[in-house]
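Below are structures written as structure tokens.
Two complexes follow with chain A in common, the first pairing it with chain B and the second with chain C.
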Partner chain A sequence: MIVELPGFEDLIHDSQSTFKVLLYALSRPGTINQITAQLTPPRGLNIACAATCLTLFDLETKVWLQPGLGEEIKSWLLFHTGCSFTEDTQQTDFAVIWDIDNMPGFSQFKQGTPIYPEDSTTLLIMIGGQVFSPLSDKFPTLSGAGINGQITMPINLPDSFWQQWQKKYDSYPLGVDVYFLFYNGVIGLPRTSKII
Partner chain B sequence: MSPSTARQTWMAILAKSSPVDLEQQVQTLGKLPKYTFLRQSEIGLAMVRGRAGGTGEAFNLGEMTVTRCVIKMEDIKGFGYVGGRSKRHAELAAVCDGLLQQKEWYKRVQELVIQPLQAKLSDRQQKQQRQTEATKVEFFTMLRGE
Partner chain C sequence: MPEPGFNFAYLDEQTKRSIRRAILKAIAIPGHQIPFSSREMPMSYGWGTGGIQVTASVIGKEDTLKVIDQGADDTTNAVNIRRFFKKVCGVKTTEKTSEATLIQTRHRIPETPLTEGQTIVYQVPMPEPLFVIEPSRTEAAKMHALEEYGSMYVKLYEDITQFGHIATAYDYPVIVDKRYLMKPSPIPRFDNLKMNNNPALQLFGAGREKRIYAVPPYTEVKSLDFEDYPFTVEKWEDKACEFCGATDSYLDEVVTDNEGGRMWICSDTDYCNGQLP
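== the complex of A and B ==
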């Protein structure tokens, strides 16, 4: 299947600026960052996720798509990035997730090894607008590297997600890193962030 | 090897022609339909592999620069893969590939672009062959008295 949609409008500058935003998002956990790149994503991906995929994937990355993301997305990613796809979550470098309620547990993904902790899966989780309910006490507060004191995670996520996240912290420095992607915004949640 | 299809033939001619010749011939087509880029011209590397004598084990000959481009004209997609670093060359090759897939353009592009380019290419090839032929040295080995 040949794709119908182009990638970045301005390939070099859009991917560079997106990369910078992604770096910043992960080094300042819990802050909302704007991706300025312009593009028309295929159905099923939001702009932020599509831009992130185009920026981070290349010929050497293995990608796992959560079931439900269609053939159109697959061929679009293949055409523009040349990445390869895998069904095995233990093997994948990136996981694209659209349904956070039904995603596999963190332990199902590649955790890295003590010598190469960076060789782990990065989760790209798309979230909809409904998670931006007004800030409330039940939103978890994070601390850790890149956070001045503490910060309240500005999005409403399922409790099960945070329970797992807390448990996962035991295996630090191994573990996954997460990007939350919505419209053209991105929030980073690296493995160093701890719930307090 | 399987016989090349018509599309392979014209893509090869577009790729092997010089960008200047291609540009000149495309000018003669007049106004072209609008197109957008599905993949903007980008420069990359491709490993060229060979087999000694055409049958031996494959070996890596070396890397060459390749420029590729994909354009979209309404529903038609044109692909251009050319050697070298001329982005314009890849773009024009993709445009011609796109036009050649359309009935209403096929004949014109064949006559005004492909055929003249092919003629130039075969001229160039023949000239090269003649020049090579002229410097050919016949080696013969004398048997040693064994």
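== the complex of A and C ==
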């Protein structure tokens, strides 16, 4: 398939500014951060997710695309980053997810090993506008590294997600890290964040 | 403007990406050392190549960079690294802690409290805190995995039996986020307290040893101690800085003549200048 859509307009500074946003998002879990880089993502990716992929993927990374993400996305990522793709969630460095309700459980992804807990999957979860329903009590409150006291997660996620997250915390430092991506916004959820 | 002929921030984009991924993992597992493929830099190992690679991967054209060496902005290492980044990035540089968005440091944390949004990059010579006890990195990695840090306490205890107090004066081991034992790089233990719950992001780069680690903002950093021998910091009883009169900053002892004359001055030059009337 011929890739027609360009990647970053300014490869060096757009990658840097996007990385800075990802860095801030992960070191301040639960905060909403804006990616400023402009680009036209292929159909099925939002700007934030596309920019994150361009910033973090390269020849050394294995990527798993949730079924439903089309051939256009695959060839766009391959052309611009050179990443390799895998069908096996246990092998992947990054997972791109568009449908949070039907994603595999956290345990299906690479968790790292006790000596190399960093050898784990990072989940890039795209979410739509519906998750910003008004703040309610049932939104979980998080604490942990990067959080000054506590913070309420500003988005509405399926209960099953948080049940799994809570259970997963017991195996820290093993586990997965998550970025939630919407329009050009990013929220980070590292494995250190705990529901209180 | 950056010097032509170099990529922005010297490193190629591929290297930056791999270092950036390592930094993100380091933030997700505070205090845990992430291996990275350290590159050869245009200066020798031991001159801050780890810190420089971390800075080069984080820095953007909007950043304002401050570089200190033992607290001072005007020592060789600091001047060289600042000039290097000015050359390859064309970024603004400053000596004022409060104006900097990015601070690279060798062996001190500025006296002026850091704020949210600032990033401090430490140059680390030896990242492995267990090295003095267990020279094998493979074994040390297992000890980290098992959270087996008893022997580090024994080492501090031996200090107490020998000297009556814990004699480790710099690079004093800490536990990060209640999990990983970490070396804070050779900062005086006076600075250890500043690491705890700091609003700024703290990144550590060891070039020769090829390791990156991090302490996210608002993260607990606890210096090892005992109930009956609590952690203490250096004090200079009745001394004040000869230049600015500060009594709350870290003081360097400077020998002034052959007769044993000496004076005490602030190690942090920016702080010292700010205190002057």
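The criterion applied here is as follows: the second predicted complex is superposed on the first by the 196 of 196 C-alpha atoms of A that agree within 3 Å, B and C clash if a C-alpha of one lies under 4 Å from a C-alpha of the other, contacts with A are read in each partner's own complex, and residues count from 1 in each chain.
Rule of thumb we're sticking to: a contact is a pair of C-beta atoms (placed from the backbone, for glycine too) under 8 Å apart; a residue touches a chain by one contact, two chains touch by 3 or more.
Fair warning: this is a prediction, and the values are worked out from it, not measured in the lab.
Engineer: Once the two structures are overlaid on chain A, check if chain B and chain C clash or fit side by side.
Structural biologist: Partners fit side by side after overlay.
Engineer: Thinking of the overlay built on chain A, is A:Phe79 touched by chain B (first), by chain C (second), by both, or by neither?
Structural biologist: In the superposed model, A:Phe79 contacts chain B only, not chain C.
Engineer: Could you look at A:Leu11 and tell me whether it touches chain B, chain C, both or neither (first, second, both, neither)?
Structural biologist: The answer is both, since A:Leu11 touches chain B and chain C.
Engineer: Pick one for A:Ile97: touches chain B only (first), chain C only (second), both, or neither.
Structural biologist: neither
Engineer: Looking at A:Ala51, would you say it contacts chain B, chain C, both, or neither? Reply first, second, both or neither.
Structural biologist: neither
Engineer: Quick check for you: in the superposed arrangement, does A:Pro114 touch first (chain B), second (chain C), both or neither?
Structural biologist: So A:Pro114 only meets chain C here.
Engineer: Touch test for A:Ile2: chain B only (first), chain C only (second), both, or neither?
Structural biologist: first
Engineer: Considering only touches as defined above, state whether A:Ile35 meets chain B (first), chain C (second), both or neither.
Structural biologist: neither
Engineer: Which of the two partners, first being chain B and second being chain C, lies in contact with A:Ser27: first, second, both, or neither?
Structural biologist: Touch partner of A:Ser27: chain C, not chain B.
Engineer: Which partner, once the models are overlaid, touches more of chain A's residues, chain C or chain B?
Structural biologist: C
Engineer: Rounded to whole Å, what minimum CA distance do you find between chain B and chain C in the overlaid structures?
Structural biologist: In the combined three-chain model, chain B comes within 9 Å of chain C at the C-alpha level.
Engineer: Indicate the residue numbers of chain A shared between its chain B interface and its chain C interface, in ascending order.
Structural biologist: 11
Engineer: Hey, which residues of chain C end up touching chain A in the complex?
Structural biologist: Contacts found on chain C: 7-8, 13-14, 16-18, 20-30, 32, 34, 57-61, 117, 141-142, 144-146, 177, 179-180, 199, 201, 214, 216-219.
Engineer: Looking at the complex, which residues from chain B come into contact with chain A?
Structural biologist: These residues of chain B touch chain A: 36-40, 42, 72, 77.
Engineer: Considering only the defined contacts, which chain A positions touch chain C in the complex?
Structural biologist: Residues 11-13, 15-17, 19-20, 22-24, 26-28, 55-56, 58-61, 114-115, 117-118, 122, 144-149, 172-173, 177, 190-192.
Engineer: Which residues of chain A touch chain B once you look at their complex with the stated criterion?
Structural biologist: Going through chain A, the ones touching chain B are 2-7, 11, 79-80.
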